[in-house]
Amino acid sequence: MYPFPAGFFAPRNRWYVAARSAEVGRTPLERFILDEPVVFYRTEAGQAVALAGRCPHRGYPLGKGRVDGDAVICGYHGLRFEADGHCSHIPSQATIPPRCQVKAYAVSEQWDWLWIWPGDPECADPALIPDHRALGLTDPHWIKRPPLYWHVEGRYQLLNDNLLDLTHLTVLHADTIGGGDVAATEERHDEGEGWVRSTRWIANAHVTDWVRRSRGIEGPVDREIMLTFAAPGFHFGHDRYFRAGSDPGAATPLLDIRIFHAVTPATRNSCHYFASSAVDPATYELSRSHPPDPGSALKIFTEDVEAIGEIERLLAASGEFEEVPLRADVHGLRGRRLVQAMIRDEALPASAARKSNHARGREPADREAVEVK
Amino acid sequence: MYPFPAGFFAPRNRWYVAARSAEVGRTPLERFILDEPVVFYRTEAGQAVALAGRCPHRGYPLGKGRVDGDAVICGYHGLRFEADGHCSHIPSQATIPPRCQVKAYAVSEQWDWLWIWPGDPECADPALIPDHRALGLTDPHWIKRPPLYWHVEGRYQLLNDNLLDLTHLTVLHADTIGGGDVAATEERHDEGEGWVRSTRWIANAHVTDWVRRSRGIEGPVDREIMLTFAAPGFHFGHDRYFRAGSDPGAATPLLDIRIFHAVTPATRNSCHYFASSAVDPATYELSRSHPPDPGSALKIFTEDVEAIGEIERLLAASGEFEEVPLRADVHGLRGRRLVQAMIRDEALPASAARKSNHARGREPADREAVEVK
Amino acid sequence: MYPFPAGFFAPRNRWYVAARSAEVGRTPLERFILDEPVVFYRTEAGQAVALAGRCPHRGYPLGKGRVDGDAVICGYHGLRFEADGHCSHIPSQATIPPRCQVKAYAVSEQWDWLWIWPGDPECADPALIPDHRALGLTDPHWIKRPPLYWHVEGRYQLLNDNLLDLTHLTVLHADTIGGGDVAATEERHDEGEGWVRSTRWIANAHVTDWVRRSRGIEGPVDREIMLTFAAPGFHFGHDRYFRAGSDPGAATPLLDIRIFHAVTPATRNSCHYFASSAVDPATYELSRSHPPDPGSALKIFTEDVEAIGEIERLLAASGEFEEVPLRADVHGLRGRRLVQAMIRDEALPASAARKSNHARGREPADREAVEVK
C-alpha cells in the first residue's frame, strides 16, 4: 500500500508511542494500534498496562469495561483480565479455559508518554527506545511542553514522509516557521542502523512574524535545523537560532529547542501523532514564549495534520498513486527504506530474535548525545 | 459471517416482526428486511400491506411514493401497485408488462405489531407465529406496554446471542435489572423443534435500587427468570418475583411479568429490535410502575443496543473474530445452531415445502401456555 | 455498472460542462471529473485552466494550493505548474524531472459555463460543443438565467435517464411543471449522430398553480415540449405555451423558453448537474417571472436531484438491479445506447482519431438552429 509495495503495512517488533501519560488512568482508554484495538489503563500502583482491547469471549471492547484493582473487567459478561492478560475470573464458571486470555503488550512509560511494542513482548527491550535523557526530555532544568496529540486521518508513512522532507516548511508553514529558504539550502544526510538524520545550516535567514511574536527573536538569524528519524516512528529534532554572522561553535544560541514527533499507525488509513519540545533554559528569548503559548504551535502541527488528511482523501478517492521523486526526497526515501526493510525482515523466519540483538549503544539517541553535548 | 460460517446470513422462510402497528398507516414506510427494501402501508380497510420497496421500472423507492386507495403509487413515473403486488396502472401505456410487478410479502398483524415472512408467501402459515393469546399479549386484563423500537447498528445474531445468555444481566445491567447473581445460578435448558428455553431460580436475591424504585419491590426476593427463544428472532420471557422463602407453587408473586423481544435482520450489519412486556394485574406492586415509566425500561434496552453496536464496530474495524465459548454459552450455542440449521435447510431442495409442515401444536408458545397456566 | 454493462462508466473523449464561469477564479477550485480530481483556476488574463488536481510529487491536492501569475503552486512543497501543465519551478532543485508535470485538460468557456474534455486534448475540437448561438444562449436580447449547480449523489446516467423520459413530469413534478398529461401524450422521436430528440404536443392542457403564479400563464394551453439529448451529457429543451386552440405556426407563444441541462460524471456514484434557461423576450408573460424567482425553479430541480439520490441509495444498499423497460423508455433507451456506444468505441483502437472526424455541421445544435429559427 502506497508508499510501500502492496501488502506492506508497518513493522510490529518495534517501539511506538501509544499515549500521553495523562491519558492513561483508572478509566480504560481504547486506541487502535497497528490495526488492532488496545485497551490502556493503570494498576493501583500506577503502572501502565496495555491489553488486547477485545474480550475473547464475545468480542466486546474492553475499553468499554471498567478497571478494578489491577485488572480490567469486561462490561458485557464480567470476565476479568489481569495486567498480564490472563483471565482471573469468569462470573458464570469456576474454571478458566486456556484460550480465555488477552495479549498483554510490552509497554514502557518514559517521561510524559507511553511506548508500546505491538509485536512479540519477548523481544521488547526498553533499551531500544531512544534515550530520553540524551534527548533532553528528562533534564528538570529544560523547559518542556507537554506532548500534544492528534488522530490523523491518513496512513502513518505520509506523516513520516512529511517530517523527512523539511522543504515543505517554506510552503506549508510559510506563515509560521517557514522563514529562511529551507528548500534552497543544501542538506547533509547521516545515517546509521535504524536511523537517518538531516542537517541544514541556513545563513542570514529572515524571521517570520510568527517567530518574532511567539519566540521573541528578531532577524536576521543563522539557523541550524537537524532532524533525526529513528524508524519506524520517532523523529527528534534540534533547532538552533543564532544572531546572523555568529560563530556557532562559540556563540550562545538565541534559541536552542529540541522537537519530538512520534508517529504510530492506528489503522491502515489513520495514525496517531504526538509532538512535544524541550528548550535549553540558557537560551534567553525563549523564556518569553515557551511554553506559554501552545495555541501558537498548534497551528503548525494542524497544518501538517490537515495536509496528510488531504493526501489520504485523494488516495481513497482516486486509487493508487505513482509519485515523482525529487532530489529533496533522497533523505526521505532512505528513511522510507528503513521502515520497509523492517517490515520485510519481519516476514523472514527468526526475525524477532535478530531484532532483539540491537545493541543499545548503537542507537541514534546516544550518538545525538555525543554530538550535541 | 460471524458468528455463523461464511455465507450464512438469515433464514427467509420464517416469521419476523417487521413493524409496530402504529408505524404502518396511509403514508408509506420503508424498512429494510433481510437486506431488501420493503414498503409498508395500510389499505383503506386498514389491512397492513408489505411490498418489495423498489419500483421494478427504474428502481425508485416505493417508500417515497404515496398511498392511493389500496395501492401505492411510485413517486417517479406514477406506476401503481396494488396490495397483491400487481401493477394496475402505468400512466404512459395501456398494457402492463408481465414482469412489471413487485413481490407482496405475507404479513400477519397480531396484537400491536406486524409479522412478515420474507421468503415464499406460499409457505407463510400464520399458525407458525407464536400464539399471542398464550403469550398473554391479547388478554385485555393484562397490563401491556406498547412495543418499543430500535434500529440496531449490529448484525441480528449478536442481539439473539445477548438474549440467549442472561449472565450479562449482572454486568451490563448492573444498575437496573442486574440484582441477584444470575451468572452464578444454575441454568435449566429445555428445547423442542425450533425453540430453546433457559430457566433460572435465584433464591434470596438482593433487589437493585432500580427495581425498588420502578417496580415497588423490596428485597430480598426469590426470582424465577425464564426466557424462550423461538428461532430465528422471537424471545418471550417470564419473570416472577416472590418474597424470599415463599413456596412458588402456592404464593402469589410480587410481580409476574412477561417480556417479549423480537429481532429482525435489517441489513447484514444492522437489525430491528422490538421489545414489550405484559404484567398479570393480580400482582400488586406492579400497578405502581407499569406502564407509567417507559423511560426507565428504555435504559435497560439501550444498554443492550449500545453493546451490540460496540461489538459490531470492532468486527467492522478488525475483521473476523474467533470467540472463546464458555459454559454459559451452552444454551446460546444451541439457540444459534437452530438459526444456522434453518439457514442451511433453506439451501437444500424442497426446503420450503418441509417448512410448511410445521404443525402448530408443536410450537413453543403453546407449550409455554401449557406449562405456565 | 447499472444501467450499463459491467465495466462501462463514461466516455472520456467528449465535452462535458465542468463548472459555472463564476466558480472559476483566482482561487483554485477542485472538482472530480470522471473519477479524477481536477483543479480549475484563471490566468491573469482571465483564461480558464483545468489541470489534473493531484501534485505528481507527493499527491497533495493542487486545489488546496494557490494561484500565482498563470500558474498554480502546490501548497505542500511549492511545485509550480503552468497553465499547460508543465512544472516551471521546484523550490528544492534547479532541474525539472520530465515526469514532473500534470495533464492540462482541454477546456472551452462558452457563455456562463466552462466545458472540459476529459480525454485526449488533441482530439478536443470546440466545434463539437453544441452551438451556443443557435441554442439562444448568446443572444443578448434573450432573458437568461445564470446556471444553477448541484452535486448529485447518484451516477450520472440516472440523471440522463430522468431527462430522457419526461413522463415523470406529471408525477415527480406534479406540484410545479406537471400540468397536462405528458405521460398520455404520444412522443415523437428523432435522432442523428450523437443525439436523440423527443417532442410532444399537449393540447388543451391545464396549468398548475405553480405555472400560473411563477410564469403568469392562465390555462388551458396548448404546449409543445421538445428536449434534445446531445450525448453524453447535454440536454437542450424548447418549451412553448400557446393559448389553447391556437395555430402554432402563426400564433405568438405565451411563453417560449429554452431549457439547458448539463450532466457530468463526478465519481462513479455521483455527478454534477448544471441547469439554466433562456426566454424569448417577445413572449410577454414571461417578463413577469423570469428570472426574478430562482427559488421557484429550484424546487423542480431539487425534486430530480433527490430522486436520483434515492435510486442510488437503493442501488448501493441492495446491489445491482434488473429494470423493467416500458414503452415510455424507448426514447431513453436510444439515448442510453448512444452513451454506451461512445464508451465501447473508446475501448477500440484508434477511437480518438475517429472521434475528431465528427464534422461540426452534423451536430444537433445546428439542426436545432435550422429547425427552430
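Order of writing sets the labels: A, B and C. Residues in every chain begin at 1.
In the analysis below, a residue touches a chain if its C-beta (ideal position, glycine included) is under 8 Å from a C-beta of that chain, and two chains touch if they have at least 3 such contacts.
Just so you know, these numbers come straight off a predicted model, no measurement behind them.
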- request: Could you check if the interface between copies chain A and chain B is built from the same residues on both sides, meaning over half shared, or from different ones?
  value: different
Rotation in the CA alignment of chain B with chain C, degrees, nearest 5: 120
- prompt: Distance from the CA centroid of chain A to that of chain B, rounded to the nearest Å?
  reply: 49
Message: Please output the residue numbers of chain A that touch at least 2 other chains, ranges allowed.
response: none
- request: Spell out the part of chain A that touches chain C in their complex, as residue ranges.
  value: 161, 165, 167-168, 170-172, 181, 183-184, 307, 310-311, 313-315, 317-318, 321, 323-328
Task: Could you pull out which chain A residues touch chain B in their complex?
output: 32, 35-37, 53-54, 56-61, 64, 73-78, 90-93, 97, 99-100, 267
